[in-house]
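Pasting a structure below so you can have a look.
In this document, chain identifiers A, B, C and D correspond to the written order of the chains, with residue numbering beginning at 1 in each.
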Amino acid sequence: MINKQKYLDRQTFVKHLFDGMHIMVGGFMTCGTPEQLIDWLLESNINDLTIICNDAGYPEAGVGKLIAAGRVRSLIASHIGLNPIAGTKMSDGTLDVTLVPQGTLAEQIRAGGAGLGGFLTPTGLNTPAEEGKERLEVDGQPYILERPLRADLALIKARQVDRYGNLNYAKTARNFNPVMATAAKLVCVEATERIQVMDPEVVITPHVLVDYILAEVRDGR
Amino acid sequence: MDAKTIIAKRVAKELHDGDLVNLGIGLPTLVANHIDADITVHLQSENGLIGLGPSPELEHVDLNLTNAGGQPVTLIEGGMYFDSVTSFGIIRGGHVDVTVLGALEVDAEGSLASWIVPGKRVPGMGGAMDLVVGAQKVIVAMTHTNKGQPKIKTQCTLPLTAYRQVNLIVTELAVIAVREDGLHLLEIHPDTTLEKVLALTEAPLHVKTYTKMEG
Amino acid sequence: MDAKTIIAKRVAKELHDGDLVNLGIGLPTLVANHIDADITVHLQSENGLIGLGPSPELEHVDLNLTNAGGQPVTLIEGGMYFDSVTSFGIIRGGHVDVTVLGALEVDAEGSLASWIVPGKRVPGMGGAMDLVVGAQKVIVAMTHTNKGQPKIKTQCTLPLTAYRQVNLIVTELAVIAVREDGLHLLEIHPDTTLEKVLALTEAPLHVKTYTKMEG
Amino acid sequence: MINKQKYLDRQTFVKHLFDGMHIMVGGFMTCGTPEQLIDWLLESNINDLTIICNDAGYPEAGVGKLIAAGRVRSLIASHIGLNPIAGTKMSDGTLDVTLVPQGTLAEQIRAGGAGLGGFLTPTGLNTPAEEGKERLEVDGQPYILERPLRADLALIKARQVDRYGNLNYAKTARNFNPVMATAAKLVCVEATERIQVMDPEVVITPHVLVDYILAEVRDGR
């Protein structure tokens, strides 16, 4: 049975929210993004969010909905190209955007979830991605020292959840979801399907990392 | 043949049997259409798969199966899915044999700029910085000029995607190798002349023996 | 009740419903036999599973399913397998609630020594250093002395497994908490006396109110 | 079809071997260790090996066989407790043993395979594991800077290999195998079973990381 994990309704979800919180949101151009949990964020009155997500989504999908509603103060992402609203808000100074190489972003979140103090990557050397960061040499090769990323909350989209809280993901909707589930104080999951018991060989996210499972998924999504 | 097709066909000739290849968004995607039928190339999409197949028919679109541009794709037999951490472990770890990407500028040192035009366009670097640093061979596939303005420069003027990582530049006019001592002209397209290529290239080119570019 | 059982039963009382727990090789393994039936504790084995079950009958031994000591084990329903990188990501990332391990020495600062006796025994640290640094709560489960010689010292004399990471020490004689200002005696076993505990403990103990140790 | 991957016979295997090479061997106390590939090493005449493995195996199993035969100059492992021969050889100076915390060892191999120049870990601070290493502070917290590990050859034990070279693993025999398959110049796999095509959702090691598949596995193991 689901032990530490609990079923999540909107009321319980809202109790965990606070202004200025840092939220990781799974998905890649909204493929694998938990839209219902984002809508619950929208329907709450929290503000000044820092969103950590691969991208800015689209104006009407993914974290783009939160950006369009003016609820996001800071965005940490690898690109914002398909969301012109994010670009406009960045230009007029109402959205603080930190662009991070995609592999570095994934690795920063991994470091946060895996208890590492940072890592050395060659990605971004001699580019704007190196600005403000320390450069270290190892065996004569230069690297950028990158810091770990953690968050108060992670919103995860899974394909299946079993009755113990184990997760798997659908195709390329996996992307940032598994790593984000390791790096937040509170991990909330929107799963398409509930099953009894997952094959222990193919669990991607172990149940011990999951705090809440969305109780009812709208539209059977 | 239009410029894009010329470039895509020529880039396809750089791929070898068994190569793991990442094709960037836009023009590089077209390379997949021209790969020699005798070889097997494994296409990676950095959002989380190896074994990229052709675009699906509309009725077979799966919203959970997209490429790095967010477009619906398919997976061929033998392919597999993985998460972003694994994907960039494969990329940065040197397991990608060839990455093909577009650029706004490339310079004589093999640096490239592709992700930002300050004050105008800030799409972000996505996975490009990791791909260019991690792949064994970096091919820039782009039109030779931007409305007549040279894109192959002595030094990039836009913010860099990576410093000194490009190995080969393929345009509709020429194929140019980046070496320690600068850019070497390898091939020019039959429809152009050496004079024209030199006039449209800002960076100095080493010109010794060059051949006709095969399409 | 022998010393090991006393210790294992008392340690089991420190575990809470839903905890992810790693039990070290040897004495700590026995803790699993004494967990309150009303709670569910998830046992991790750092070689790659969560959901450690009881030892299998001989005819059900699977050589591909072992614990961190290399012994055959079973997996309970809801458990899963993962690789060593994932396992230590979980451990070092603070996702393990409690780790229980033996020690050769523990000191007044909460440092412990458990993996080497120079010139005599060099088994290696295995996963102990990561477990002790990463787990939210570190419990040392060990006999109070080594043949009458105190193991709870003012300062460890053997090479450390970790510096200042132990939270609780459980022996057959006492339960001792490690706090900023040193060791605090919480409980003593009904069959012993305060004088005996103090005599067999080299490190100074804060003794205010203590209770009878429950078995 | 298997493309880049090729079926491996003993003759081909031996051609890739050379004295002094660095070899990663999967397995944890010989659970998940490719014994047949180790036997082929034994039957060759290579020497002065550096072995990277979780442990020293047993005197008559796993890398313990290579150690007992005096073929190993250096061992990088997290423990050697169940192989007294390794302990004896370490004491008499005929085996150079570097003991590394298990999580650090796994992470070093991952860094090697993932193109990182190193990482910062709190594991081993103020212990002998810190000796000779650089200490860095990030946000006031101390960490040890650990270096990546790579090898010339990785010997991998898989459960199944499909006709494209994709791998999965059996239960806890997974352990160090997947990460080692990312971090060596040459990756040779001993698989228990051959199948047609693996479900793309459950592939653990993508075929592009695999160089050779053992052609015939003895005893159907």
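Note that in this section contacts are C-beta pairs under 8 Å (C-beta built on N, C-alpha and C of every residue); 3 or more make two chains touch, one makes a residue touch a chain.
This structure is a prediction, so every number in the text was calculated from the model and none was measured.
Note on connectivity: the fewest steps through touching chains from chain B to chain C is 2. Listing every chain that touches chain C and chain D alike gives A.
Most remote from chain C, judged by the distance between CA-atom centroids, is B.
Measuring from the averaged C-alpha position of chain B to that of chain D gives a distance of 35 Å. If you average the CA atoms of chain A and of chain D, the two centres end up 33 Å from each other.
For this pair, chain A with chain B, the centres built from the Cα atoms lie 29 Å apart. Counting partners per residue, chain D has 107, 110, 114-116, 121-122, 171, 200-201 as the residues that reach two or more other chains. Residue positions of chain C touching 2 or more other chains, listed in rising order: 49, 75, 81-82, 88, 91-92, 133-134. Viewed as a contact network, the protein chains fit none of the simple shapes, being neither a path, a ring, a star nor fully connected.
Under the contact rule stated at the top, the pairs of chains that touch are A-B, A-C, A-D, B-D, C-D.
The touching residues of chain C, when paired with chain D in their complex, are 45-49, 62-70, 75, 81-85, 87-88, 91-92, 111, 115-116, 121-130, 133-134, 159-163. For chain A in complex with chain C, the residues that touch the partner chain are 1, 3-4, 110, 112-116, 162-164, 166, 182-183, 197-198, 200-201, 203, 206-209.
Chain D contributes residues 28-32, 54-55, 77-82, 87, 90, 97, 99, 101-104, 106-107, 109-110, 121-129, 159, 169-179, 204 to its touches with chain C in the complex.
Within the complex formed with chain D, the residues of chain A that make contact are 107, 111, 114-122, 136, 138-139, 141, 143, 145, 147, 168, 171, 200-202.
Per the touch definition, chain B reaches chain D in the complex via residues 17-18, 20, 40, 42, 49-51, 75, 77-82, 88-95, 133-134.
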